[in-house]
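Two complexes, one shared chain (chain A), two partners (chain B, chain C).
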Partner chain A sequence: MQIEVKDLSCVYSEKTPFEKRALTDVSFSVEAGQSVGIVGCTGSGKSTLIQHLNGLIKLKTGKVSVLDIDLSAKKPDLRALRKGVGMLFQYPEYQLFADTVAADVKFGPQNFGMTKEEAEDAAREAVALVGLDYDEIKDRSPLDLSGGQKRRVAIAGVLAYRPKILILDEPTAGLDPAGKKEMLHLINSLKNRFVETVITVSHNMDEIAEFCRRVLVLGGGKLLYDTTPEELFYTCDVEKLGLTLPHAVRIVKGLEERGISLPRVLTEEALSKALVDYLGGKDHA
Partner chain B sequence: MENPLISVKNASFAYKSADETTVGVQDLSLEIDRGEFCVVLGHNGSGKSTFAKLLNGFLLPDEGEITVDGINTRDEKRTYDLRSKVGMVFQNPDNQMVASIIEDDVAFGPENLGVPREEIVKRVDDALAAVGMTEYRTRTPHKLSGGQKQRVAIAAVLAMRPDVLILDESTAMLDPEGRKEVLGVVRELNEKDGVTVILITHYMDEAIDADKVFIFDRGRSVASGTPREVFGDEEVLRAAKLEPPIATAVGFALNRAGIETPLCLTDEELCEAICKSK
Partner chain C sequence: MRDVAFGQYYPTDSFIHRLDPRTKLLASIVYIVAIFLCVDYYGYAVCFAFLVMMILVSRIPVKSVLKTVKAVLFVVLITVVINVLFYSDGNPYWEWWVIRITDAGLIFASKMAMRLIFLVIATSLVTLTTTPMNLTDGLESLMTPLKLIRFPVHDVAIIMSIALRFIPSFIEEIDKIMMAQKARGAAFDNGGLIKRAKALLPVLIPLFVSAFRRADELAMALDARCYNATDKRTKMKKLTLTWRDAVAALATAIFLAAVILLKIGFFGLLPVIP
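Right after this comes the complex of A and B.
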């Protein structure tokens, strides 16, 4: 198992009037190669959970082991952990800080011990991976780039130190539709050939439905469901949890109420196909 | 007929730096009537935000004329009038809070306009009530959710009693719950108080209930009309790099497959249309 979380609990400002329980007895594990979505309404504990996965929050209760590094040990190797788990926070473009794109992307790998030359190669590769031209962009200030480009550079800065696990918090928030699509395809392509495991936190259920095979649902700090998007959206009462249904699911359910039953599709494309089959079939009958 | 509240005639604006010129808007012409709920759709760089900044005189057009309620935006003597008529809410809720207490933040605008104190108190009351944030008035904005912060930002603009409320991608950073909150408040202001709204967004589904929709691409308005008039043309939408609502897109796909389907904007409409065509 690449990630093992057992009975994880977390309380903020413990033993003060501001005490707040963020996570309660969360347990799950993730194998290498999976693509996992984490959903839940604001305040459900998503951010607290992912911050435990690369040691940004000190583990107090429960067990967390990531890439065979046991975080409940006395002195876990946090350096190795953080190299192995690349984390992109919301609006990662705000974290760009260097004068040039090259310096920004090379910062991570150099900190993790690569030589200048190695870091240069890693940066070149990472920038190419996110679909930008390294030679064209390397000497420019990250602040002069467009929003979508900035976010790509921020991702390149994480990819450059070659993490095995990539954790993304709302990777498409604030992008325009074209930027969103590109970002999702980028993440998907990375998973298949560069990082082993991708964990995505998102509010956009259409994206979760389309891109994740497995979804963890948090509510009030507890892990409520660990299932497939199909099971979640078709059999669980997700609206009660403050989540929305993907549009394709809403349409299938709306048709069901009207006596038309379609397969349990999750995406626009699959829905179109199912409807063509259904309506086309009627015409020929 | 009454003159339109906002009139943009052949306006052009370009951002110029030493070695680069970037088009903001180009030969843009449009009109918006008082009380209308308008949505401006377009991808990044399509000129939406430039348009917004031209309306309250942040930017002045290189060519063409823009008037709001009879005030030409070039008329320097009336810039303050113009700014109090055209209120703007931006994308990032954290960037537009000026005070550490919510009611002070809302009072900041009218204070600057020189409104008498008693009147300010009343305006702050009204504005916070209009966005449903009265109970938070003595708290600090930092502990609010994104949606609540944007509602406070809207209240701060309302306290200046604007004729036009412009929301420049004000929902882009919010979660679905926050988006719903903000859109609900804006819609109510439009319906109840007759505030003219210009909602700038790249979510097409926020435009479904609008009176008028403009689609921007490369600094021009390439299509305008009711949502139904505008959303029917798949090619225009794709060319402007917009994503139609899923119900609309599925309708397009069915038509392409030879199954005649009327234009559907909502999931509900699509369900009905499919029921009828079986």
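Right after this comes the complex of A and C.
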């Protein structure tokens, strides 16, 4: 098990009028190679949960163990943990700080003890991975780049230290539709050849349906469902949880009400194929 | 960072919370003047008693109040040490080179420390019990006479309320950026002073960038709503004085009278102490 969470609870500002219960008895585990989506409406505890996986919030109640590092230990090796778990926050472009792109991307690798040359190589590789030209971009100020480029550089800054697990918090927020698509394909390609496990927090159910094989649903700080996207969108009352259905699922359900039953598809691509099959027209394809 | 409380508004319901902000501001000014009027320990005892009473009435946990003192503890300590070491009057207990520790020096240093601590607690009680909105409304109202000399009272008030409004947002922002950099392996809590200061750069730079961005956006939003600080603006919540303010004013007046009476020696009725 790469990630094991057991009975995790978290309360902010305990015993003050600002007290806020963020998580209650959350338990789950993730094996290497999975791609997991975490969904839930605002304030459901998603961010708090993923911050625990990186040791950014001090564990108080429950057990968390990531990459065989036990976070309930007295002094867990946080450096090793954070090197193994790459974390991309919402709007990661706002954390760029260095005067050149190269320096910013190398920040992580150098913090984790790579030498200058190793960091340079890692940065070159990471920037290429996110689809930018390292030699062209390395001496520019990250603040002068376009929005999409900034985000790519920020992702490169995380990939550069070669994490085994990648945690993404709303990776497509604020991007235009084309940018969204590119970002998802980038993440998907990383999953297959660069990182072992990807955990994505998202509000966009289409993305979850398309890219995750497993979904955790949080609501009010509790883990409500731990299931596949198909199960979730076709059998659970998703709208009651403040979530929407993916477009494809909405169409399938709508057709079902009108007496047309299709297989349980999740993506638009699969839906069009199912429709073609239903119509029995091979010539339409 | 989430728990920083340098006098951030503490939401409960109490007599002091419900006071008009102007009353609180004026009372705190009276209190500060009173602290500096005190000459002997009688005076400080009265100041202390009044402060304790206010804390109890405000229903704010003593722990939260003391947190605000923690922030200035360093300043207090330096003041005390310097006063103890270099105060020149009085009978010396110990002397070496320019250093003289005297009885008068110790007494003076203790009074200095009390003054500073009382001052910080009293002022933070105002901010702890008043929402930023109310506070600026109160200040604006108190500054109204300055309009006569063409002082832009309303502009200053809106600047203040924006500044206060953004403190929590910035704390949140710092929190976020720090987490992001920590995730990339940044360490903020080890190494010497210079190393630590340097480690803060990756937090400060994005913070400034976002501060300017926010300022820009806010200016644009104000502009888009045709905001201008004219005199014709009205308020949704008007400040009104109630019986509570009368009670508070009376209590403050009694307190001030007590301090003044003690200053003139209570007509020689009390035994003399330092």
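Heads up, the rule we're going with is that the second predicted complex is superposed on the first by the 279 of 285 C-alpha atoms of A that agree within 3 Å, B and C clash if a C-alpha of one lies under 4 Å from a C-alpha of the other, contacts with A are read in each partner's own complex, and residues count from 1 in each chain.
The rule is short, and it goes like this: a residue touches a chain if its C-beta (ideal position, glycine included) is under 8 Å from a C-beta of that chain, and two chains touch if they have at least 3 such contacts.
These numbers were taken from a predicted model, which means no experiment stands behind them.
Undergrad: Please indicate which partner A:F107 is in contact with in the superposed arrangement: first for chain B, second for chain C, both, or neither.
TA: After superposition on chain A, A:F107 lies in contact with chain C alone.
Undergrad: Per the contact definition in the header, classify A:H247: touching chain B only (first), chain C only (second), both, or neither.
TA: Touch status of A:H247: first partner only.
Undergrad: Is A:F89 touching anything from chain B or chain C once the two structures are fitted on A? First, second, both or neither.
TA: In the superposition, A:F89 touches chain C alone.
Undergrad: Once chain A of both complexes is superposed, is A:Y161 in touch with chain B (first), chain C (second), both, or neither?
TA: Touch status of A:Y161: second partner only.
Undergrad: Between chain B and chain C, pick out the one touching the greater number of residues of chain A.
TA: Touching more residues of chain A than the other partner does is B.
Undergrad: Output the chain A positions appearing in both contact lists, the one against chain B and the one against chain C.
TA: Chain A residues touching both partners: none found.
Undergrad: What part of chain C is in contact with chain A in the complex they form?
TA: So the residues of chain C in touch with chain A come to 2-3, 10-12, 64, 176-177, 179-187, 201-203, 205-206, 209-210.
Undergrad: In the complex, go through chain A and note every residue touching chain B.
TA: Contacts found on chain A: 41-42, 91, 146-148, 173-181, 203-204, 206, 242, 244, 247-248, 250-251, 254-255, 257-258, 260, 268, 271-272, 275-276, 278-280, 282-283.
Undergrad: Okay, in this complex, where on chain A does chain C touch?
TA: 12-13, 16-17, 51, 54, 56, 79, 82-83, 85-87, 89, 92, 94-98, 107-108, 111-112, 143, 157-158, 161
Undergrad: What part of chain B is in contact with chain A in the complex they form?
TA: So the residues of chain B touching chain A come out as 43-45, 91, 145, 169, 172-173, 175-178, 202, 241-243, 245-247, 249-250, 253-254, 257-259, 267-268, 270-271, 274-275, 277-278.
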